[in-house]
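What follows is a single structure, and I will ask about it in a moment.
Chains here go by letter, A, B, C, D, E and F, matching the order in which they are written, and residues are numbered from 1 within each.
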């Protein structure tokens, strides 16, 4: 079993808040991340897939194919967007990085399995100090 | 003459657009950076000051003082904010990184000169690929 | 189960040596890291916690709370300190990064569990080439 | 159990291709990475070993010893070399990063075990976007 | 006057040698960088342009246009190529990073001036330890 | 004129203080950096030299020679040392990064000029947030 990780990047606006809470409650739980006028980040997305070394070409997955899947299924939908307002797969979820990682897992998994590999981990670095990992 | 650079970081939302242009014109000039629902970045701000080595303590400026000036005059005003809507020193300016660098220069210069040093350069890294420098 | 990692940084002096060994023996085993006049590093501390996504706010742990715990229990005790002489939780331990990781685990674990999350990993990067991980 | 990671770096040329395929087939599967005139990378090699904290000096493995093993068994053989033509332990293998990771595992494992530690992971970063991990 | 820097990356093979020198002489002057079987690097190319802040859109140059110029005039010609054998603008020059910086300056300058900006600096990072700057 | 920058790294202990001041005065001016039990950093040293492109081999200075000069004249004297107590060229100077940059300039300049190049800049990064530049 061998693991391959591809990084892709996107920049987006978001706000952490719950619609059924008042602005005050949101501010109390989420702090400055709940600013109603939004803020944003450069997100680094690391997608790790795993597989047996196929005996022929000696790689887990064609990295150009993996790049295209991530671009088409995730990056085009989130880059230079508002995660709360414009990202279909985040509808109904609070725009935390944790929820984003789970949602991206669901977006990517079937397309990676079609290529004969397994999705192993979604890691998102929101800032150089904060990151999230999800293993399904 | 010796140069000291301090980095501080902030995360903010912005949108590049001119109010006297249509959405279509803005989209044509600014591309995806003009998204009406905003997007955002982690900004790295590098402030370079210069001065003679003061004969006594052997430094250009007290770095804690410099840090406080940058925090108070810039970071508290832009971190987790919307640059277009909430930052007083960007009022009336298009929210490009170029304009942001010039505005931050104006914010910091008098306070750094009060400390007996000279402001030399404002550098802003918007992404790992794009950065701006301004020397006054 | 989802994993959140917070990075905090500190700068400290240390020396690798055993009190029951001669300077010569220490030098033989620890090399230049045993210099009696000390040396130092910028340490990057990565604290990874894990938990179920709580159904309400959608995060593993409040990251501000986690930051405060790490700051109060570790950073304030080691930053700009001598690890051998001044850090209470390293008393009686050789000041290797391995021992430091184990000691920091013990410092942080109860406070993280009080917040309803589990401590998963302590990682310390001593230089860009050397790092240590401890999983309890 | 505690984990120690050492990074070493090398720069090398390579080409991805299978000798029993035509240039056209190689180009189709491997894309620009199959360029017959070679291309190259700066590779970051991360070697992770694990062990119990030996009760005496408080470290997993002497890091100078680990560095020497990696330098002698791997870096001297691949740095400023052509991976396809000049690296003995890659003979007969397609020069993918996946195969390189497996081959480096085989090179290092016996020498690390002689030091009383276990080899845990070989990670190679080929570019800032692509990396491979192998756990044996 | 304001400065904008765009980073683009490429991976290439090269060899430092002079055709009118013997292999031995080349080895003596260029060391391992003269390996006849090539080696390679991930190159980071930083292109800095400068200009007055145009009063309308508030930027020095349209960054998408700059990106396209660099991609078309440089990256497509050097990425996954052999700098000695395949790069037209390096014909007849020794494949040092110094010469590469000068050649890239010549490639880019007219196209940047057509956009109303001035080329200020070409910086190439060959490894994390070695870089070259050229100001024309 | 072309510029070449070489990075070398060292780890050292230091303390900022003036011998003719009391501990209290030192603490007031230098803050936690004046801790009598020392602290330390990983320092990144960037040495920039400049020169005309010599017509023969196409480089400013032989980078192996430059590396050896920096290693011999600076790194061997400061790495894993106490800057206040053990570094001959810092005797009588307060161990600020500013003074260190000036002292390293004086150490390196004659040896670089012997190689037919000019020393242009000494840059020291003390942490990822603080750096110093000196141009002679």
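Criterion: a residue touches a chain if its C-beta (ideal position, glycine included) is under 8 Å from a C-beta of that chain, and two chains touch if they have at least 3 such contacts.
Not measured: the values here are computed from a predicted model.
Colleague: For chain B and chain D, which third chains touch each of them?
Modeller: Of all the chains present, those in contact with both chain B and chain D are A, E.
Colleague: Indicate whether more than half of the residue numbers at the chain A-chain B interface occur in both copies; give same if so and different if not.
Modeller: Mostly the same residues.
Colleague: Superposing the C-alpha atoms of chain C on chain D takes a rotation of how many degrees, nearest 5?
Modeller: Rotation angle, to the nearest 5: 120 degrees.
Colleague: Please tell me the distance, in whole Å, between the geometric centres of chain A and chain F computed from their C-alpha atoms.
Modeller: The answer is 42 Å.
Colleague: What's the distance between the Cα centroids of chain E and chain F, rounded to whole Å?
Modeller: Roughly 29 Å separates the two chain centres.
Colleague: Which whole number of Å gives the spacing of the CA centres of chain D and chain F?
Modeller: Whole-Å distance between the two chain centres: 33.
Colleague: Residue numbers in chain D touching 2 or more other chains?
Modeller: Counting only residues that touch two or more other chains, chain D contributes 128.
Colleague: All pairs of touching chains?
Modeller: The set of touching chain pairs is A-B, A-C, A-D, B-E, B-F, C-D, C-F, D-E, E-F.
Colleague: Write out the stretch or stretches of chain E touching chain B in their complex.
Modeller: 1-8, 48, 53, 56-60, 62-64
Colleague: Which part of chain C faces chain F closely enough to touch in the complex?
Modeller: It is residues 9, 11-14, 32-33, 35, 37-42, 79-82, 85-86, 127-128 of chain C that touch chain F.
Colleague: Going by the contact rule set out above, which residues of chain C touch chain D in the complex?
Modeller: Against chain D, chain C makes touches at 16, 18, 29-31, 93-94, 96, 98-99, 101-102, 128-135.
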